[in-house]
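Structures given as structure tokens follow.
Each of the two complexes below includes chain A, the first together with chain B, the second together with chain C.
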Partner chain A sequence: MRYPAVAIGAAGLVAWPWAAPPYFVFLASLVVVNAIVAIGLNLLSGYTNQLSFGHAGFLAVGAYTAAIVATRWPGVPVVVALLAAALGAALVGLLLGVPCLRLEGLYLAMATLAFGFVVVEAIVNLEWLTRGNDGLRVPTARLGPWALATDTARYYLAVLVGAAMVWAALNLVRTRTGRALLAIRESEIAAQASGVHLAKYKTLAFVISALYTGVAGGLFAFVVGFLSPDAFDVFLSVDFVAMIIVGGLGSVPGSVAGAAVLTVLNDSLAGFQNYRPLLFGALLIASMLFMPGGIASAVRRLKGG
Partner chain B sequence: MRSRWALLPVALAVLAAAPARAEQGVTDAEVVLGCSNSFSGPLAFSGEQATKFGVDLYVRAVNDAGGVLGRKVRTVYYDDGYKPQEAVANTKKLVEQDGVFAIIAPQGTPPVLATLEYLEANKVPLLFPFQGSPITRARRYVFGGMTLYDRQSRMMIEYLVGQRKYRKLAALYQDDEYGKSFRAAFEKDLGRHGLKLVAAESVKRGVTDVSAPIAKLHAARPEVLFLVLTPGPGAQALRERQKIGWTEAVMVSSGPLTDERYLALAADAAEGVEGLSLWPDPLASDLPGVRLYRERMKRYFPGNEPNRYSLSGYFAAMLFAEGAKRAGRSLTREGLVVALEGIRDFESGILPPVTIGRDHETQKQGFWVRVEKRRFTPLTDWLKSE
Partner chain C sequence: MTTAALVHVVVSGLATGSIYALMAISLVIIFNATRTLNFAQGEMLMVSTFVGFTVYARAKVPLVVVMLVAVVAAALLGWVIERAIIRHAIASTPFDVLIITLGLSLVLRSAAGLTWTHDEFPFPSFFGDRPITLGPVRLVPVSLGIIGASLGLMWGLWALFTHTRLGRAMRAVAQNQRAARLMGISVERVYSASWVLASVVGALAGVLIAPVIFLSSKMGLVAINGFIAAVLGGFGSMPGAVVGGMLLGVIENLAPLYLPSSIKHSVPFLVLIAILLIRPGGVLGRPARRKV
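Moving on, here comes the complex of A and B:
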């Protein structure tokens, strides 16, 4: 029952560039990027109940790391650049995660919010590395002899990486680590009493979440082809939170669905960004009122009858 | 039977010619233009004015008069809020989904830079972007939309050092492509006169407190201080030097800064400030093209005050129409590029006669102004940089 569904989904993803108009291939790559961020954020917020309003910061760290690696060492395989992005962001996640252990709820949200601003300031000021406000052109992603110079090539890269990240997340949540994170969400005291090392697992959640977002950042850099600090503002972090709320807290497929809905919605509002916060806000309220578990639980309920 | 076969070569010829004729964004009835611009964010005012009240003003006037060689012009705009990644997405959307013929009048160096490679690779003309960094030079499908910063610097130095005989010049500039392009050009142009900047201070974009750099620059006692800033910080700098009683130096604003907003923000602190103006006064100029622009503004957008951003967009659309007319009824992108390159002494009634050559620079001039009773008063005729 499950395998046919996966096979149909995979066939759809492979066929997409041949079926869809060219612009939608690029848009689909952006959906994948956002889906990976949403999964990462969901592991932290949905599974472990640690709020973050700073994921645009991790995305920026990943994006700039990949771009700088690809610029400094021309011809480096895109896989290496993405790994560097993942490790760079994970390291920053560790550095942020440790001091944030003592913070809860609103205070944690404020600390992560500040983190987002700090990253943008750092990018603006580290001009020798990031070219500051002028922005950084990202070289074409390379994989051995191939240059991924078209939207279609970059789409397949994004889909492959995205599939691997989804698979890893689905497995992770079924392991001891995943159970530990869920236990922390339900009750920190109960989790600790059952032998879950709180500090260790909370830090781990931060690191894994940052790692996911770092990979997404690397893909973002190659898909868009140009980076500037303006891209990574606080509204982007809020968009990520909106994605997992609309999609469903604590659900990997929900993260993907939420990312798809918000990315496409954002794109269809390209003519009037001013109405964006209004519409996103309304969507958030509506989904919390009528669909508290997000798209994921709505689908589950429909299936359950 | 014979006559039917005789038609075959004709049919084949028509089929063969069809792909060449069907240029994206052009039909018998219309031609589609568009851009990604700032309708939110720091440059929202200039973005909206340049497109919806500038390009569209000329387009409405032209369409009411029958269009360009019978084709109505239609425009599509998307908002990027000055974010390059949104500009990339919007531009792809315009080219691949809306099928625009050309991009017209986008704004700001980072968003324009982010889309440059893509447009060039897809051979989509990028017409008259509102930015002056020399990044747009030497590209087949790109035509500049502002007197480039190195040309502005050259004119400013030639006038101030060559004619007014100032020797001690300093600069306060924004720490990005815009400011740094100017600073490098100032150093180079002063070098030709055996001079150097006596002091130079930079500020971050969107800075609100400029007291420290102003104090440092004051200590260097320059005769001239260049302000290469945006309206907010520019006005802030003028108020700060008024506060510390710094009156002996001439404050000189760069071309992009010399606008009505900066003037309004600085209020009486702007009195006596000089600058390079890239456009004739949109409210007061008697030039025939500017008068017509004001009349049309009153007719089509009666609530909207004339300003130099809408004037620049209006001029961009006018230049496109001239190029499209020269390219003829079988309008193609290649044809437009060649036609624009061939423009000689085009009278716009707004700027001096426009000649575009192989360098694709549509503007190479500015004139000197001084603020007197909250208005820009011209001190010179058009200065040229050839």
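Moving on, here comes the complex of A and C:
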């Protein structure tokens, strides 16, 4: 029963560039990028109950890693650049995650917030590497003999990578690891008593979350083509949190839905920049008060679950 | 560097530190009642200060009246937010309330930008600008005024928390809500009082700091340093908030003298990360114990 739905969805994704004007193809790529971040953040916040306000920092690490790799070694396959982005962000996630293990709740939220600020400051100041406030032009992504020079080509790249990430996440949450993460969310003490190694799984959640965000960062670099530090400010981190709140904590499809809703909303409000935070803030409050489980649980209720 | 210059730097550090301390106190007041961090604290400060400024710009009233207007506006804002929004989430987890206050901060900042634009406005100061000379040391009256006013306010809060029924009720709720309720304390009233009080303390801090950092929709960001100050002193503790605020103010002012200026903006965050790693309980704190 699920396969037809998946097949229709896949067909829709493949057909999108023929149906939609180029700008909407670009927008769809951004939705995919944000969806990958939202899944990564949800694995950390929704599954393990560790709130992060620093995911824009991981996104920046991934984006700059991919851009720098692609600049230093022209012609490197895009897959290698994305892998580098994933590993770079995962490494930073490990370095941040290990000390942050001792923190929980508010403290973790604040430490990650601080991390986000420090990353932006680092990008501004490491001019020899990142070109600072001037911004960094990202070379065209290459895959063997092909150059992914059009929005459509980059869209397919994003969709392929995104599909793989969704598939991996859906499987991850069903495994022993996924159940351990859920157990930590429900009660750390009970999880520990049932033999879940808290330190190990919390670090793992942090690293996986950073890895997802790093991949998204790499895609972001190639899709947008230009990086500057102010694109990765704390408000972007807040947007990511809003995506998983609106979409639904602890739900992979919810993350994708939240990312899609907020990315499209963000884009349609481009001409009304002053009203954007007003609407996003109201949306956050309203979801918390009236739709605590986000889109995911609303859909579940509609289906009569 | 000469001693006189060092004294100057330390005093202005203590002045910004006093503001951080007041922000930290407001955060701790709300944390103690609702067990959550109020992300909108800085924006509440900003909105109340703007209301006071509007009255000043229209009617040219004396500064004391401006301050009173800001305080009344803050009290009203705190009360409305608590009754209209936070109260409905009374059964939610602290995590949910945190997200709500995050949404509130976005809404308030954006609304302030729409009402008063995102420009910076010069705000009048209570204190003159003729430096006071003490031997070789020259001090700016604003710094001394901020420190003095903040210390006065802290003394008032201390009196409130130790000598009034409301203050004792608030401390009881902070210690154990259920026990407080069983003793006949209206926890709901304490919730309202906490939001009003925190908002008022914030407004006073706003009126004090606005002449120094300018009045703008972005000035709420000062609350982030309030969070850091509260953590530095041990989150949840009032004396800790004061010590943490002063310490952060001085560190922030001294650091650029010894460190490359490019990392100046990161100093509070590096302090935060360092304190969380070394002493998550804060400089005055004891290791936290958790009960099942």
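Descriptive notes on the structure:
Operating definition for what follows: the second predicted complex is superposed on the first by the 304 of 305 C-alpha atoms of A that agree within 3 Å, B and C clash if a C-alpha of one lies under 4 Å from a C-alpha of the other, contacts with A are read in each partner's own complex, and residues count from 1 in each chain.
We adopt the following convention: a contact is a pair of C-beta atoms (placed from the backbone, for glycine too) under 8 Å apart; a residue touches a chain by one contact, two chains touch by 3 or more.
Owing to the predicted nature of the structure, the values given are computational and were not obtained by experimental measurement.
With both structures placed on the common chain, the touch criterion links A:300 to neither chain B nor chain C.
Contact with chain C, but none with chain B, is seen for A:51 once the two complexes are overlaid on the shared chain.
With both structures placed on the common chain, the touch criterion links A:281 to chain C but leaves chain B unconnected. Of the two partner chains, neither chain B nor chain C is touched by A:185.
The partner that reaches more residues of chain A, of the two candidates chain B and chain C, is C. Overlap of the chain B and chain C interfaces on chain A: residues 274. Partner chain C is touched in their complex by these residues of chain A: 49, 51, 99-100, 102-103, 105-107, 109-111, 113-115, 117-118, 121, 125, 189, 238, 241, 245, 274-278, 280-285, 288-289, 292. The part of chain A that touches chain B in the complex is made up of residues 21-23, 26-27, 30, 124, 127, 132-135, 137, 151, 220, 224-228, 230-231, 233, 267, 270-274. Residues 36-37, 85, 88-89, 92, 94-96, 98-100, 102-111, 113-114, 224, 227-228, 231, 235, 262-263, 265-266, 268-270, 272-273, 276-277, 280, 292 of chain C are the ones touching chain A in the complex. In the complex of the two chains, the chain B residues touching chain A come out as 39-40, 77-86, 88-90, 92-93, 96-97, 109-110, 113-114, 117-118, 175-177, 180, 204-205.
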